[in-house]
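Next, two complexes with chain A in common: one pairs it with chain B, the other with chain C.
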Partner chain A sequence: MKSCDIAVIGAGPAGLAAATRAADLGYDTVLLDEQPSPGGQIYRAVETADHARTEVMGADYARGRAIVDAFRASGAAYMDGALVWNISTDRVIDFSRGGASSQLSAKRIIVATGAVERPWPLPGWTLPGVTTAGALQILMKASGIVQEDAVLAGSGPLLWLVAAQLVDAGAPPRAVVETTPRAHYRAALAQLPAALRAPGYLAKGWRMMRKVKRAGVRHFAGAENIAIEGADAASAIRFTAKGASERIEASSIALHQGVVPNQQITRLLRCDHAWDAAQQCFRPVTDEDGQSSVQEVYVAGDGAGIGGALSAALHGEITALAIAARDGRGDPARLKSLRAERARDAAVRPFLETLYAPAPHVTAPADDTIVCRCEEVTAGAIREAVNLGAPGPNQVKSFLRAGMGPCQGRVCGPVVSAIIAERRGETPGATGYYRIRPPLKPIPLSELAQFTIPDAPEDR
Partner chain B sequence: MSAADHRADLIVIGGGIHGCSAALHAALRGMSVIVLEKDTVGRHASGVNAGGVRRLGRHYAEVPLSQRSMEIWYGIADFLDDDCGFQVAPQIKVAETEEELAQLAARRDELNDMGFTHEVLLDRAEVRAHLPAVADHVVGGLACLDDGFAQPYQTTFAFQRKAESLGVRFHEHTRANAVRKEGGDWLVEADAQRFSAPRLLNAAGAWAGDLAAALNEPAPVEAIAPMMIVTSRLPHFCDAVVGATGRPLSFKQMPNGTVVLGGGRRGRADRATNLSEMTFPELMLTAQTAIDIFPAMRDATIVRSWSGVEGRMPDDIPVIGPSARHDNLYHAFGFSAHGFQLGPGVGEIMGNLIATGATNAPLQPFSIARFSDAPQP
Partner chain C sequence: MVRRIEPDGETFEFTFEGRTIVARPGDSIAAALTAAGIVNLRDSVVSGRPRGVFCMMGSCFDCLVEIDGVPNRQACMTAAASGLEVRRQRGGVEVQAS
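After this line comes the complex of A and B, so read on.
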């Protein structure tokens, strides 16, 4: 079996920066990522983007190029197209690459698997034609495909960013339907002075909104009671705003309610997780530098708590330096200045978290709304199971099969915990989360049939 | 100071299917019973097994016990007021070569000589009548046409609930830490509480060896983690539970189309932490065998896996019966990855044995005395 000092999982800004620095510090470092090229979600395909696409994606996207270049120049080994589908507690990584699975044994693991979009189950969300804002953006970055006439609905910076990018690409969305409750604006005001200390964010956000509105895109604020109509595919979105019922015909609807840490690997590795009331999500318990509750397992970037791309790159490097510091190596002065820089960058977070906290109706879908789309389990069925005595997500899973389908609970997990918590009158932290069962993503049985490691015992 | 907080006629240590079933049967014979469970009832092997209600292919010593258990399974819905998800279905072990078929035929003959006719030989055509999707090279098989499967959680809980309705008291999150004889009774210390009873049953699954050792009657129980994998949904092609003769496999298509694969391969188990973990390369042969025997599996994808902590004896048959060292101490543990089907029947035997002091069940091969000379781990 191959082995290394540090395995980094995920080639977004956190993973790239961590791997670059770890290799520079002399660690035998391997970076594994599912995508064909480095960049993660934010800098997806940044090496191959042509000039026009880079223009559309903006200056922040172009910044990724420097991070990727530094990584390419480092001594870290890069395994592109490597899907990590299991990691054992003794840090043996099972991954699939080029149609074959193999193993890598790591002394330390840095989990840099970033964020996933917060699930938002609402009536009709499983219809063809309904996607997420993040998925629209992936299409633009990876294949240059621009969705025409989309309706963007939800809340959060990415909603506006994608809207602005669609405008720049010459395909302004049909409408932006924002669910941010009015009260959040008032509450966020108190955080504004602190937010202004983080350079650039607010001005950038304001420019995006202005661009979208100037392009003549209809904008609805404070939307509630959102539902998607359609028999076999989405045909319209309905909602109420300012007391009026609205209906917009659309065959492409992109939903978004912010992003939350991707917990699959940290849960699989049995790291402790805590409920973050400000970000309304679970996050692994870590120290400032990313050390988790499990020895030799670190978490860098958005996976440790949402901080955005700049923070993620800083955090990745911090994690690598902190590991070196443990070994009596590294660069304490640089570690200190990076921590300070990250704290400055994070000043905008309380404002964003207050403003874009999900509206109550987002995390409490109506009884007849499907929550687990793989197994078609409704919110009402989950509430019923709780009434019958199911104390947590794992029992709900055994009763209803929620979370047992091909997505392995990636999509429904946060909502299922929230629904159970609400019904039981406790915090999601007390309710807990699904136990994660490998494989993290489906793998072909035929691949397992070829999965052999040279020194595997034939029989026991 | 010997005052116990709780007294009964019998204390059962372990809330798996065996502890629950024995408790229920003892209660049916008029005994007052306390069950101590360190986690929650059905948390381990009994709640997470593959649900195979299988007589096919059992060790000859287990056959009479398994037959009696099966009679209880057929009436389980009336017995427990819960159908336990039990369904009758054929269990078939396929032969991939003439040589394997000859082995299976020899087993059938031997069982017939013992007076058992539940395992029948299937020829080439008969095996295809039951398994239309089976690969061309399969030459025949051995089958129990009226075996079946059930829902493990549901079953273990049903035993618990029925026992409770007869007055059995369950103490969950209560670990038996120390056991000793005091004034002719067994005294069990479980965290801050003390329990006493004239009779004691060790049904502690993978943890039973610790108790046995503490009672000066060591038995080499190994904690194992049988591994199961689940595929995405496939068009319906198989109604039976299928095994192979020369290679590891247990194969079952569920009503929703997913296929559950297992078959003897083990992951990593740790009694101290309740941990069971998959080791996927070990499943290579299982995956190959499944594809070889059902070519339709070539396109399947694996979406999930699970395993659980189970107790295994070196000779792969359980310990069942009275202690060889102490009066009024009994054992039922180490079911070696096939104890779910035996739960109803062995519980009845233990209930009888404990209530009356005697049984006519052939328990001799299962005696704990067989390990008294063996070197201890």
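After this line comes the complex of A and C, so read on.
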């Protein structure tokens, strides 16, 4: 079996920065990532995007190139297209690559699997043509593909960023339909002075919104009762705003309600998780350097709590330096300055978290709305299971197969916990979350059958 | 409607339900199908309702298709390649001898 000092999982800014620094510190480092090229979702295809595409995506995207270049120049081994499907308690990683599975034994693991979009179940959200806002952006980054006449609906910075990028690509969206409740603006005002300490964010956000509005894009605020119409594909979005019923025809409708940590690997590893009331999500319990509750397992970047791309890159390097510090190595002065820089960057978060907290209707879908897309389980069925005595997500899963389809609860998990918590009158933290088991993603039985586990470790 | 930021570029072809799809290097199957205006990729396993691309990042498993006879492949996680035969996936999949 191959072995290494540090295995990093995920090639976004946190994973790249962690692997680069770890390798520079002399650790035998291996980075595994499921995508074909480094960058994660935020810097997706940043090495191959040409000038025109990079112009559209903007300077924040182009910045990722330096992070990827530094990683490529480092001594870290890179395994692209590597799907990690299990990790044992003694940190042996099972992964699939090129249709065959093999193992890697790591003394330490840095989980840098980033974030996923917060699910927003609403009528019609399973229709073809309805995507996440992130999906529209990935199409632009990875393939230069632009949806014309898209409607962007929901809340959060990414909604405006994607709208601005579509404007720059010459395809302004048909409308931006914001669900941010008016009360959130008032509440966020109190956080504004602190947010100004984080350089650049607010001005950037203001410029994005101005660009979109100047392009003539229709903007609706405080939207509620959102539903998507269509027979075999999306054809229109309906909602109410300012007391009026609105209907906009569109074949591409992109939803967004912010992002939450991707918990699959940290749950698999049985790391402690806690409900973060400010970010309205579960996150693994870590110290500021990313050490989880499990020995030798670290979490860097958005997977440890949402901080954004800049913070993630800082956190990745911090984690690597903190590991080195434990070994009596590294660069204590740099570690200290990176922690301070990350704290400064985080000053904008309370403002964003207050302003863009999901509206109550986001996590409380109507009874006939599908919540688990894979097994087509409705919110009403989940509530009924709770009425019948199901105390948490794992019992709901047994009752209804919610979270048992191919996505393994990646999409529905947060909403299933929220629905159960609401019905039981407790916090999602008390309700808990799906128990995540291997394989983390489905792999063919034929691949498992050919997967042989060697008896004794050997040097790689 | 869908278009590309770069008007020209190298192309290659594969098929979806027998129809020729023009793709570009770097495209996933999901991206190439989106560029071709195809959104309906499969029928869901319970109600048989149409599904398509949702997350584009390998998380939601809604873009499952059959590629060269192998079902349950994520269209967004599989690189498009010349000559692939891609088909819509209809409902659940039976266990197959390989």
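The rule is short, and it goes like this: the second predicted complex is superposed on the first by the 454 of 460 C-alpha atoms of A that agree within 3 Å, B and C clash if a C-alpha of one lies under 4 Å from a C-alpha of the other, contacts with A are read in each partner's own complex, and residues count from 1 in each chain.
As a working rule, contacts are C-beta pairs under 8 Å (C-beta built on N, C-alpha and C of every residue); 3 or more make two chains touch, one makes a residue touch a chain.
Owing to the predicted nature of the structure, the values given are computational and were not obtained by experimental measurement.
Chemist: Scan A:Gln103 for contacts with chain B and chain C and give back first, second, both or neither.
Modeler: After superposing on A, A:Gln103 lies in contact with chain B but is clear of chain C.
Chemist: Let me test your reading of the model: by the given contact rule, A:Pro439 touches which partner, first (chain B), second (chain C), both or neither?
Modeler: The first partner, chain B, only.
Chemist: For A:Arg339, decide between first (touching chain B), second (touching chain C), both and neither.
Modeler: Neither partner.
Chemist: Which partner does A:Arg218 reach: the first (chain B), the second (chain C), both, or neither?
Modeler: So A:Arg218 meets neither chain B nor chain C here.
Chemist: Which partner, chain B or chain C, is in contact with more residues of chain A?
Modeler: The larger set of chain A residues in touch belongs to C.
Chemist: After superposition on the shared chain, which partner residues are touched by A:Gly405: those of chain B (first), chain C (second), both, or neither?
Modeler: both
Chemist: Quick one: is A:Thr131 in contact with chain B, with chain C, with both, or with neither? Answer first, second, both or neither.
Modeler: Second partner only.
Chemist: Which of the two partners, first being chain B and second being chain C, lies in contact with A:Leu448: first, second, both, or neither?
Modeler: It touches chain B, and chain C stays clear.
Chemist: Overlap of the chain B and chain C footprints on chain A, residue-wise?
Modeler: 405-406, 442, 444-446
Chemist: Would you mind writing out the residues of chain B in touch with chain A in their complex?
Modeler: Answer in residue numbers: 153, 229-232, 266, 268, 275, 277-284, 287-288, 290-291, 297-306.
Chemist: If we count contacts the way the header does, which residues on chain A are in touch with chain C in the complex?
Modeler: Of all residues in chain A, those touching chain C are 34, 36, 41, 45, 48, 50, 52-53, 56, 116-117, 126-132, 134-135, 138-140, 142-149, 169, 171, 232-233, 251, 262, 373-376, 405-407, 410-411, 441-442, 444-446.
Chemist: Under the stated contact criterion, what part of chain C meets chain A in this complex?
Modeler: Residues 1-6, 24, 26-28, 31-32, 34-35, 39-41, 44-47, 49-62, 64, 70, 72, 77, 79, 95, 98 of chain C touch chain A in their complex.
Chemist: Taking the complex as given, what residues does chain A use to touch chain B?
Modeler: Residues of chain A touching chain B: 86, 88-89, 94, 101, 103, 398, 404-406, 408, 437-439, 442-446, 448-453, 456, 460.
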